[in-house]
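Common to both upcoming complexes is chain A, partnered first by chain B, then by chain C.
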Partner chain A sequence: MKMRVLWLSAIACNGNTHSFLNYPYIEQFLNDFEFIYHQVIDSAYSLEDIVLNQIPCDILLIEGAISREFQRADVSVIEIIESYSKIVQKIVTVGTCATFGGIFRESDYENTSGLHFNQEKSLGNFQDILDKTVSLSGCPVHPEVLVNTLYAIKKSVNLKLDNFLRPKEFYAYTVHNGCTRNEYFEYKVDNHKFGELEGCMYYDHGCQAPYTHASCNKILWNEVNSKTRAGLPCMGCTEPKFPKQNLFETKKNMGIPEYLPVGVGKRTYLTLAGITKAFNIQRLQKKLFDD
Partner chain B sequence: MSDKKQIKKEQIIQSALELFASKGFYNTTIPDIATSLKMSVGNMYNYFKSKDILAKEIIKHISIYLGKQLREINEQDISTKEKTRKIIEVYFKTASLKPEMIDYFLRIYLSTREVFKDGCEGMICINEFVTEIMIYFEEGVKCGDLREQDFFSAFGLFMGYLGGMVFLKGENILPKDLDDYIDDITFNIYKALSVE
Partner chain C sequence: MIKLIEKIEGEAKLNFNFKDNKIDFVDIEFMSTRNIENILKGKSAFDALVINPRVCGICGHAHLIATVEALESCYDNLQISNKAKSLRELTLNFELIQNHFKWFYLTMMPLFGHKQEVLKATYPSQLMGKAIALFGGQYPHTSYAVVGGVVCDITEMDIIKLQHYIEQTVKFVEDNLIKMESESFSTCKSVDNILKYEGDLPDILRQIKKEELLAYGKSYGRFISFGENSYFKKGKSLKTRVNNNIFIEHAKESETATSFAKNVSYKDKYYEVGPLARAMVNKNKLILDAHRKYGDSIFSRILARVSEISQLLKHSKKLIQKLDLNEPSYIEPCIDIKQFSSSGYSAVEAARGTLIHKVELENGFIKNYEIITPTQWNLSGGTREKQGVSQKAMIGLYDIKMAELVFKTFDVCSVCTTH
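The block that comes next holds the complex of A and B.
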């Protein structure tokens, strides 16, 4: 039996849709799931059908930030969510906007936020569907995270969720975990230039990976790479406060990074930093390949 | 390490410090230190294998001593300006109660670099002290009191000033007591580092 999925787009840029379309095994996916509606993929019903009726459906996917003012086919997106959330097994917020408000939180629509969260603040509304919801943050969400979560739902796997309702399977890690530059991080070497292989981007170039929860370096993008492996700092797109400003700069106070790796105390960090900075490891100062 | 051994170690450190301060680092030998403690030289070597090792242990000891006091200041809920004053007070108090400590820091640690080359790279051996200074700066910037700048330009200004005053005092050049300068020094350092 195919599972019936409604992909509802609120205030969104369709980035999650684009990301999803890059899923390499989409054919297989479409053998197991059927979109009763998706704004880009062929589906059985029109948007009007969806908003005027209550078409039988198993999973409601919500992409984009939510505001009371925002409508789809002349119906408030909130009403659509209310109607479908009653009949589905699970609701999945797809991407950071639907989860925390994301970049569209800054838009003209009043009171724009995620479904259950306004950045880190948990909202009072939709309490009755709280235990049905799974949050998949990311700007965009990684297609494998989305697809694998949907399969977990299909197989009735009991997903363990974090405080923001994100499956720990994908969000218990930090992006720092699995980065090919970890050795540079350990020895405090940030001689980084965009796109180069050498150097860690935490110290000067704004890499937020040590405190960003996501699987980017464990589950590679397009099965080949990640931002940090390719030489671009992680911008923390899965976190409630995304997007921050000055993404290519590390905010520091008298030379000390304002945000430390998750769970590391300031004194401990400074003690370790003092010790590792004393090393002068030639191998890490040089290019990995001679030209 | 047993308590007894720890106490003995601290005694050795203390008398070594005093001897280094009065006779100079190079003129003081391990036998001199042993004699001053009425210990046998052989027994001394059970505690410290060489004078260089002792030298490194001493600077760590001083760093821990000062670091502990700075940490108490850092953990108080007071303004950056008040913290600045308290750090200066602690430094000067140490200079008058335990002049050999500050003397060791200025005359031996900072100027006898070859002794500390291996095992005390960078600021490893004065880590407890430097960490607290860093936290004082970092918190000052974070709460908006101090100006963001490179750590060393701020550190040099702060420690250089204090070290200079203690040095002048030690050379009997300062006409007044160190404590008499605390108000002015606090004002100067805070003004130099603050955002205003």
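The block that comes next holds the complex of A and C.
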């Protein structure tokens, strides 16, 4: 039996839609799931059918930030969510906007937020569907995170979720995990320059990888790369406060980065930094491909 | 009669007015806006590099390139290496290509009564996504182009991988889109020659002929294109007369009463932007032939967009050959942007046409930001007296389904139009 899925877009850029289209085994996916509605993929129902009726379906996917003011086909997106959330088995917030509000939390719509969260703050509405919801943050969501979560729902897997309802399978990791620049971080070699393969971007360029929960360096993007591997600081796009400000700079207090790696205290960090800096590893001071 | 047009990355309402059973006016309404320009106000300049790709999930990379070039234009004497310039151009080409595949297979073919073949859209567009991710870290939504260059360094191994993605895409074109050598397709001069071949593109073009739709979708025959690079030229074209002296100051946005989307005109006239406009300005022989025979119709518009795939693949190969890996990817600007109060603008060719960004900085913070997207040009909702490009293209049609087809040949994107 194919599972029936409704993909509903709210205040979005459709980046999650296009990220999903990058899923390499989409043929298999479409054998196992059927969209009763999707932004781009053909479906049996029109948007008007969807908003005016309650078409039977199993999973509701929500992309984009949510405001009562925002409508799809002349119906408030909140009303559509209220209608479908009653009948589906699961609700999945696809992306940081739908989960925490994201970039479009700042759009011109009134009281814009994620489904259950306004950044870190838990919201009171939709309490009755809280236990049905799985959050998949990311700007955009990695297609594998989305697809594999949907398969887990299909198989009735008991997903372990974090405090923001994100599956730990994907969000227990940090972006730092698996970054090819890790050694530069560990030994506090902070001579990163843009356009180079070497150096850690945490110290000066605002890289948020050590405290951002996501699997970007574990499952890689488009099967080939990640932002930090390429040399772009992690902007923390899976976290509630995305986007922070001054993204290319590391905010520091008395020379110490304000945001430390997950679970590391300031005192411990200073001690550790003192020791590792003492190593002075030549290999990490020069270019990777130098003789 | 109002029809909700969907599957356009959002939705729009077309209000059709009929006279003597023919459409005599269409009012276009976009019902929402996110107003990303407001979000940018007060943010530090470089944050725009992260925020702006989020204007659109399908052409976010064009917004990145437009952002970085607008910020760079605020500087005097900023140095960018040729390598960085070429890499930016390459990744932008790849984004254009992936868009054209998606548009043709997901949007266009079903409108001609064919079953939607998702894999034919996603397989080649995924290859192009990989090619962008190779340098940008991911696709969609990278910010890999920064003021002064690009963040990646590339090796010969990266180039080898990149060539494989391109060759696979070329193979897909030759096996599916048009069963001729992609290189020959990119230099083909005659429509009649194209029609002799097998493949999804000639099939659709033949169907247009057979169903006598050749006169459908004609507008003013006025084209404009601002984004210059090593392939695209800047200019405007009235039918086939090209004038390369055009100025961004004459491109103006205006608000409309009925829609959240702002209109865009050049010297108070509406112009078509996009692959057909680029080809006309570039004097591409194949498209000139199509235009001579069938004007700015759906036939020419579809052919122009799809043939751009092979042209850009070929041109990308050329760019790769010229890359000098010893050049720096990034040259640090001598002045910190925080000391800056300046303004600048940029124009790049996005998949759907000319994209313009204008920025005003005060002490490194964004005081004002203005984005003009390609779809605003094409989908401007004018008055009966002065109709927008797509409005004009729908006049005289008998049925709404055909009008929707014509409308969608402009590669409509709701999120871009309203940003």
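As a working rule, the second predicted complex is superposed on the first by the 288 of 291 C-alpha atoms of A that agree within 3 Å, B and C clash if a C-alpha of one lies under 4 Å from a C-alpha of the other, contacts with A are read in each partner's own complex, and residues count from 1 in each chain.
Please note the rule applied: a contact is a pair of C-beta atoms (placed from the backbone, for glycine too) under 8 Å apart; a residue touches a chain by one contact, two chains touch by 3 or more.
No experiment lies behind these values; they were computed from the predicted model shown.
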Overlay on chain A: chain C relative to chain B, clash or fit: fit
Chain B versus chain C as contact partner of A:223, first or second or both or neither: second
From chain A, separation angle of chain B and chain C (C-alpha centres, steps of 10 degrees): 120
Touching partner for A:235 - first (chain B), second (chain C), both, neither: second
Which of chain B and chain C A:40 touches, first, second, both or neither: second
Partner chain(s) touched by A:118 [first = chain B, second = chain C, both, neither]: neither
First, second, both or neither for A:191, with chain B first and chain C second: neither
Partner contacting more residues of chain A (chain B vs chain C): C
Chain B versus chain C as contact partner of A:24, first or second or both or neither: second
Which of chain B and chain C A:270 touches, first, second, both or neither: first
Lowest C-alpha to C-alpha distance for chain C against chain B (Å): 16
Contacts on chain A seen with chain B and repeated with chain C across the two complexes: none
Chain A-facing residues of chain B, complex: 121-124, 127-128, 130-131, 134-135, 137-142, 146, 148-151, 154
Residues of chain A touching chain B in the complex: 252-256, 258, 266-267, 270-271, 274-275, 277-279
Footprint of chain C on chain A - complex, ascending: 9, 11-19, 21-24, 26-27, 30, 39-42, 46-48, 70-74, 103-104, 106-109, 139-140, 193-197, 216, 221-232, 235, 237, 243, 245-248, 289
Residue numbers on chain C that touch chain A, as the complex places them: 4, 6-7, 9-11, 31-36, 38-39, 43-44, 46-47, 49-51, 54-58, 60, 84, 102, 106-107, 110, 116, 118-119, 121-122, 125-126, 129-130, 132-144, 146, 148-153, 155, 161, 328-330, 332, 415
